Structures are given as C-alpha cells and as structure tokens.
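Following this line, the structures themselves.
Shared chain: chain A. Partners: chain B in the first complex, chain C in the second.
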Partner chain A sequence: MPLSAQPAGSAEPDVLAASLDNARHLSSLLRAVHFQDHATCFATANGLRVTVEDAKCIQANAFIQAEIFQEYAVQEESVTFRINLSVLLDCLTIFGTSSVPGTSTALRMCYRGYGYPLMLLLEEGGVVTVCKINTQEPDELLDFDFCSTKVVNKIILQSEGLREAFAELDMTSEVLQITMSPDKPYFRLSTFGNAGSAHLDYPRDSDLMEAFHCSQTQTNRYKISLLKPSTKALALSCKVSIRTDAQGFLSLQYMIRNEDGQICFVEYYCCPDEDITEAEL
Partner chain B sequence: LQSFLGVFRSLPSLEKTVGKCLILLKPRANRLVVQLHCKYGVTKTHNLAFQECELLQAVYDTQRCASSLCAPARVLAEAVVHFPQTLAEVTLGAGPGGKISLRNYMEDEAAPSKSVVTELRLAEDEFQTVAVSPGSRITFCLKEFRGLLTFAEASNLPLTIHYDEPGRPVVFTLEDTVLEVHLVLATLSDPKSDLQPPTANGVSHLPAPSDDFADDLESYMIAMESSAYEDGPSGAPPSPTFPLRTPRPAESDPEEEEEEGAVPGTPPHKKFRSLFFGSVLTPGGPSPAPTQEVLAEDSDGEN
Partner chain C sequence: MRFRAKIVDLACLNHFSRVINTIAKLAKTCTLRLTVSKLYFILSDKVANGGVSMWCELCQGNFFDEFQMEGVAAEHNEIYLELVPENLSRALKTAQAAKAVKIKLTNKHCPCLRVAVELPSLSSSSRIVTHDIPVGIIPRRLWNDFREPSVPDFDVSIYLPVLKTMKSVVERMKNLSNSIVIEANLSGEMNLKIETDLVSVTTHFKDLGNPPWASEDECQSSAQDRDLESMAEARIDIKKLQQLLAGQQVNPTKALCNIVSNRIVHFILLHEDVSLQYFIPALA
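Showing the complex of A and B:
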C-alpha cells in the first residue's frame, strides 16, 4: 500500500522516491556492509548503491537495483548524500528484526534534494512510523579502478564452503593471506596467529569451485580486521567471486538472494597490506 | 593445550565436514601439525607452535589404594549437580550403613551455623563396585572432578575412584577399547597433625589448596631445583620439616594417551607456605609462623 509523502500542493517532486513492500530487502543488505557508522548513498535510475569505507583501504558497496522496489523514481541523473547508516538501519528495523513469515514492514523513502533529510515512512500491521534522518555532504569515495580487463586471477566459489572458514578466522593474526595459483595450492587462505599458522586449501576441482581462472601465482596479505566484516555478506550470499589485479587489490563480490528470490549484489574491495605484496612466489 | 583445542573448536561443524584428521610432529621446526581433511576436498592445516618441557612423572599405584568405587558417570554427574558451581572442594566418604556420601567442604572461618551444608548419600547399589574402608573419607577439588565427569558422561563410560588415606592422591580412571584415562588429584591431609590441632566443633579447618597454590608451588619447585641438590624432586629438600615430594594440586589429562600427572604427596599446609615464601594468606587462614623473617619493612612502619 503506497504511502504518499507528498504534501498536497507541493510543487517539486521528491528527487528520490521509492517504495518497498518488505523493508528487509533493504535492511539485510545494508547490514552486510555496516562496519562503519556512516555511508554514502548514490541513487541513479538503475537503483541504489550504499557505500561504506574504512581506513582508506576498504570499501563495501551494497546494490539494490530498481527492480527490487515496487516503486522507484529518480528525478535527477544522480542523487548523492551521506547518511548515518546505524540510524538508518535502526529506523528500517524499528518494528523489530525478527523475520516472522507473513508479516513485513512496508517502506516508503523520499528525499527532496540537497540539504533535506531522508524521510522514511514505515508501516506494519496498521502502525505507521515516520523517520527523518539528516543527510550530509557526500564524502569523496575511493576508486579502486577494478575492471574486468585488469583482473589477473578469478575464482567463483559457493559461499557454503567459505562461511565457516571466515567465521572461524584466527583473529589473533594481523593479516589474512590469500594465495591464488594455477598450481597447488590453487586457492589458499592463511593466518598467522599466536598459536601458529593455519592454512585453508581449496583444490581447483572441488565441488565448491564454480569457476577457476588463475593465470599467475599471487600471494597477497590483507589486514584481517578490515576483511572480517565481509563475513556478514558471505553469510547472506550463495556465491562469491574473488578477484585480484596486478597490484594485489582484492575484489570480493557476493551474490545474495533475498526472501523473494531476487538477486542483489554486495561487493568488498580491499588494498593489500603494504609491506608484503608479491606478484609471484 | 588451548591452541590445540582451538583447532577443534566447533564440534558440530567438524562432525559435518571433516573426513579425517592427520596429526604429525615436526620437532625441528617446533611445530605440531594438525591437518583436517574436509568435505569438498578442502584441507585445513594448522601449524601449532610448541615448546619442549619437562615431564613430571606421577608415582601412584591404584592396586595399593585401600578403597575403590565404580559407578556410571551419570550417577556421579547427577550427584555433583547439587553443589554450587563456586564450590571448591568436596568430601567423598564411606558412611554408616554402606552409604557413600558427598559433602561440600567448608573452610573453617565461616561460622558453621551460617553456612549451607549439602550432603548427598548414595546407596551401594547405585555403584557397580564398592570396596571401601568403612569410615574413610577424602577431600578433593570439585572443579577438576566435574570436568572429568563431563567427559565421562559424554563417552558413556563408568568411572572408577581409587583412594587411600586423606593426603594420599585419589585416582579417577576411565577405560575404553581406545583409551585409558587416569586423573590424579591431591587430597587434603588429615587434620590430626602436630601443626594443626582440630577445632572444637570437629570441622577440619585445614585450608584447602587454592589457585595460588600451583603458582607458589611452581616457584618453590624452581627454587628447589636451583638450590643445593641436583637430583630433582627425589633429592632431600633443604628443610627437614617439608614433605619429601612436592605435589601439584591437580592435573587434567588429555584424552587418548596414558597420562602423566602429578607427583603425589601431602599438600603442604598454608602455614607452611608462609614459612617458606612469606606469601599472603587468604583471609581467615592460620596466622603466620612466629619465626617469619621480615626481609623488608614497610615504609609506614614505626621507627
């Protein structure tokens, strides 16, 4: 049931207006990138992108394409604002976070433009809540310049195989080392913690391996504290693609199926840990 | 041990995914390698650092213990459930009428009338075998006993308890086709000694071995080893009043190998410790010996 947020007689339409029957389609994706308080929202005719960054080393993007929404309209070519993601999530889940089948929170989101707050109307079981969240100047975002032509190694794995590994990563290790190679060990995740080192090897012919395109042996280390939040995205996803480029930049792309079976994407980009980057062993 | 346990942290997922586990030792690299071969061809390799350490040999003989009991672990586990989690020691005794009792052990400083005493009596027929000296009783640490019971219950094995006099170690054993477990715990010695006359109400006010005990003992043992004699614990200790063999209060054993546990002997009284270490006693413990030497006066002492 669309909720109208337009005051009668108002001249300008909202720069961004969208409706969603089930707010969880948005909130669950946003949670997968929620490792900092603030996020930058970027809306185009294609859909909504929410970006979170940390330490100038890691960037996570949640994509909610226009087709996911019941109504979606953007009046300008692109609309950008910075917003407190913790507050946004609290509002989207204001009726509670338990997912009882049959009940869902309906959402209408409106943004009148630069300087205006983001307005959320949420309804569940006849109860309506209106939230206005202040928006801020968008930050300059990192551009990892990661395009498919620059990819050196690429693997697509079923998330099931990685979930437990990421959840149990030895956090006493400062880095997560990722080795990708056309030869053994093919794909290896390593940690170097207080108790000793641990290596997790995935052979190229494993049932979990959906695609294996490694042309060069690469070993890169990434700060484990930066990558750990990606576990949330991994938990939601059914497949993950892992790509590295010549400089050792890492791209993790997660394919997430929502409750209605629609597909959304979350991606994480990470810089390698400066001291140790080897292009070839 | 913790790093080794960390490898097997998540039991439910291990059961679902791991096919076989390979354990090998690389002494030159000081690494213990645990390799788990999991579903989908995935291999998890843990290289755990280890240090060589001296092994303590336990000297005990279950055949020479005067009393022994054997019961399904479940019976004993259900019995200890009645004691509070914070209880340190428990007294096991062979009571009148052939009943086996478990009672919480109290340090004497709490007025007996104000503390809760819990006693549980088990009939002989709850046990598979009972061969006890009538009136015998021993006091040992409950925490380690609980730990062993958890394992015994999970493996559904009967537990045998071998004990002798108070002060002599108690040995808990479990046996199976693939493993044998011996847990050796020290027990509190009899209150009837020269240094500790029993109190009027008959409750033993022997202070129980505390957690500091192991640390103090370790420093003592280091001091022992670096002093006059070279033979180690079997040599003559410097003081004639100190027991010949120094015990450790408890030592839990890893599964799947015959354990080597503590050197049995009498746990020294806390009063003893103060003589030799000048350590701080727990409140309510016996007062320091009059011969204690003051090595450094405190700065706000009177002149």
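Showing the complex of A and C:
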C-alpha cells in the first residue's frame, strides 16, 4: 500500500525514499550485522549499504540492492548518515518478529538529508506506526582494500557445514585460527581454550565444498570475540565464501536468500590478530 | 475463621492456574479476599507499587467444586489474607494433570494456605504433593484499605486494540523509552507514543469503538459534552503497561480503558468468569 510521507506542499523532496512490502527483507539482514549500537548507512542508486565496525579490526556490511525495494529513489550521488542500529531494528520490528505466513509489515523509509531524522512508516493490519530516528555525522570507515586480484586463498562452502562449528566455537579461546592450504589439512578451524585445543577439518573433496582455490598454505589467527557475531550472518545464509590476502586479512561473504527468493549479501572483514607474527602448523 | 475448597475438574483447574499466573505477573504481594460467593485479588495503590492498583474478581462457583468459608465473625463473613501469588502459582504448576486440588487455611506454626495436589499414580493409593504457602491474616480494622475502587470520572473510554498487536508494540517501545503516552478520543482512535532524544515513535489505532456507559449517574458527565476528535492523554510507566499486557495469556472477551487526562488510566479486562481492573497512575 502506498504510504505517502511527504506532507502536502513541502518543497524539498526526500534525498532518499524507499518502500518495501515486507520489512523483514531489511530487518533480517540488518540483524546479521548488529554487533554494535551504531551503523553507517550509505545509499546510492545501486542500493543501500549498512556498515558496522568494532575495535578498528572488524567491519560488517549488509547490502540491500535497489531491486529488492518496491520503490527506491536517491536524489544525490550518495547519501550517508550514522544511525543507532538497535533503535532502527526496534522500529523495523515494532509489530513483532515472528513471521506469521500471510502477514507482513509494509515499510516506507524517507530521509530529507543532512541534519534530518530518518523517517519510517510501518503498516500491518491497518495499524500504522511512524518513527523518527535521529541521524548523526557519518564516521570515517575502515578500508580493507580487499580486491579479488590480491586474494591468495579462496573457498566457497555451503553454510550448513559451518553453522554447527561456529555455533559451538570454544569461546574460552582468545583466537580462532584458520588454516587454508592446497595440501592437508586443506581447511582447518582451530581454537585453544581452557579445556584444550580443538581442530575441525574440512576435506577439499567434501560435498559441502563448492569451490576450492588455495595456492599457498596460510595460517592466520583472529580474535574470536570479533568473529563470533558473524554467526548470525552464517545462520541466514546458504553459502559462504572465505578469502584471505597476503597480509592475512579475512573476508567472509555470505549469500542470503530472502523470503521471496531474492539474493542479498552480507560480508565481514577481519584483521589478523597482531600478537601472532609467525605462521604455525 | 475457616476456609476449605476443592477443585476436581481439570478445565477449571487450568483456568484457575491461568488466573493466578496473571496475578503473579502483576503483583509481588497482594491481598486475597474470600467471601461466600467470590474471591478477590487486590492490590491497593501504595507508593511501594508505584501507585498501581488492581482489583480482580472471580465467582467461586465457576472454579471450585466445594467451597466452605467462615469469616472472622458472623456480621463480617469474610477473610482477608496477604500472600505472594507467585507461591500459589508455583504450587499449582505441579497440578497440571492432577486428580484434585484441595486448598485449606491452616495455622500449625503460622497461618498458611495448604495446597494439596492429588496426583494420579499407578498403585491404588494416590500421591499427594502438599505446599504450605505462608499467608498473613489481615485484621478487620484494616479492611477499609481494600475497598473496590470506583470507576474514575474519565474523559475518554475506549476499547483496546487487539492485545497481541498492542503487546508487540509496547514491548519494542519499552526498549526505547521508560514512559509511554496513551491518548484516545471518542471517535475510536488511540495512539501510543514514545519520545526520547534519540527517537520518537507513534502507533495509530483506528476504529476501536467507544464503550457505551449507561449515564444514570453524573460520573460520566465530563465525557458527554466532549468533542469527538479531542484526545485525552496520560503518560505512564511503560513497564507497568507491558506487565499488564504480558500477563494476558488468553484474549479477553472485552478489553477497554478509561483515561482521565494526566491523572490515571483505568484498564478493564473481562473474561467469562474473571474480571480484572488495573489502574496505572500518570507520571508527574
């Protein structure tokens, strides 16, 4: 249903205006990157990108391309603002989070530009909720400079294979060690916790392995507390691509299929843990 | 002073348990008033409760197969007990598949409500689980503190929206703000609003309907000449509203609220055999 947010006679058009028949297409993706209260929203003609960072070491991005929306218009080349993601999620899910088949919350989102709040209109079953969320100056974001030409190792796995592993990670370990190699053990996840060390190996010919392109043996460690939130994205996704570059920077890209079968992406970038400088096997 | 009662019917037992569960969610301690025909769970508006008061009324005949009550004296044939409803709720949890539940007022070492749950067993003799719930006997001279609150001289009376929707909205709003504004008019419109430095959220409900109050006495006079579109509003503690809504496990037959602008919101939730009134005062 078309929800008109523009008061009659207002001269300034919204710099960003978008409509979604099912707000869950947006809220579920945002939950997959919700590990800090604040996020930076970046809108271009291609769609919306929401970025969350922590400790200057980890960055998560949720991409909702323009085609997902029923209506999407951006009046400037790019629109950027910082917003409280917890508040945004509470507003998007104001009518509840359970997905009862047949009912969905319709969403209209409008932003007038710098200094204005983000306005949301949500409707379900004839009940309308209007939200105005204050926006702030966007932060300087990290640039991991991760491009496909610099990738040393890459594998693509079906998410179901990793879900249990990530859900049961030994959180008493400070790090998650990832080994990728053209030789055994091919792909190994290791933790070193209070009860001992645990290693989980995935053979390259496993059914879950969709692609395996490892040219060099690399072992890198990442702070487990920083990577743990990626479990949410993993739970939603059907496939995940795991890539590392020469410096050991990690890129996790999750392919997520929404209720209507459309594909969206969430990616996590993580710096290797600086305390460890030598590769170990 | 004597009190004994027995429930044998499982449906009545489950219904009674649900009522007790609701009361337990609303009050840590409350007063149980027993008369020949009814039970009342009462919370009076003390500062300790944040000024909230509650009046819940049940007809004993709808729940109990046997009910014998002898009050403190012939002219005052009632018993007033102070109890922790959570204790009663927990005792009744063991009765989900019971053959019978007997409740009795005892005074072995101190006054207690003895709840004896008879459970089915494979052998010929039943298993009985007994819970002794400590209660306080409230003396006759204090009974005036627990009189039924009168319906306030409200500005607007309106039916509540579907509780499930109202519950979801209030739960989310609780994450964002400590207080909530309820406003409603005589055209069946109600808005729930929160506003903080970070965010403002308003949910609009329409076509709710306004209950027709029989205007025999003058108590609704302030409502009668009122402009239909004009909103009566009150800002209340959002946790109290959320507790009230969370405690409703079954949809009531009738649910409405009366708003006295900037003073109090009076909620009335009616089920077939239980009526619950809940008063939430407006914040200063």
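Everything that follows uses one rule, which is that the second predicted complex is superposed on the first by the 276 of 281 C-alpha atoms of A that agree within 3 Å, B and C clash if a C-alpha of one lies under 4 Å from a C-alpha of the other, contacts with A are read in each partner's own complex, and residues count from 1 in each chain.
Just so we're on the same page, contacts are C-beta pairs under 8 Å (C-beta built on N, C-alpha and C of every residue); 3 or more make two chains touch, one makes a residue touch a chain.
If you're wondering where the values come from, they're calculated on a predicted model, not measured in any experiment.
Overlay on chain A: chain B and chain C fit together in the combined arrangement.
In the superposition on chain A, contact of A:Asn84 is made with chain C only, not with chain B. Once the two complexes are overlaid on the shared chain, A:Gly126 sits against chain C while remaining clear of chain B. Superposition on the shared chain A places chain B and chain C such that, viewed from the Cα centre of chain A, they span 60 degrees in steps of 10. Of the two partner chains placed around the shared chain by superposition, chain C is the only one that A:Thr93 touches, whereas chain B remains out of contact.
With both structures placed on the common chain, the touch criterion links A:Asn134 to chain C but leaves chain B unconnected. Of the two partner chains, neither chain B nor chain C is touched by A:His213.
After the two structures are overlaid on chain A, the closest C-alpha atoms of chain B and chain C sit 7 Å apart.
Overlap of the chain B and chain C interfaces on chain A comprises no residues. On the side of chain C, the complex with chain A involves touching residues 161-162, 164-165, 168-169, 172-173, 175-176, 197-207. Residues 161, 164-165, 168, 170, 194-203, 205-208 of chain A are the ones that touch chain B when the two sit in their complex.
In the complex of the two chains, the chain A residues touching chain C come out as 84, 86-87, 90-91, 93-96, 124-134. Within the complex, the chain B residues that touch chain A are 2-3, 6, 9-10, 13, 17, 31, 40-49.
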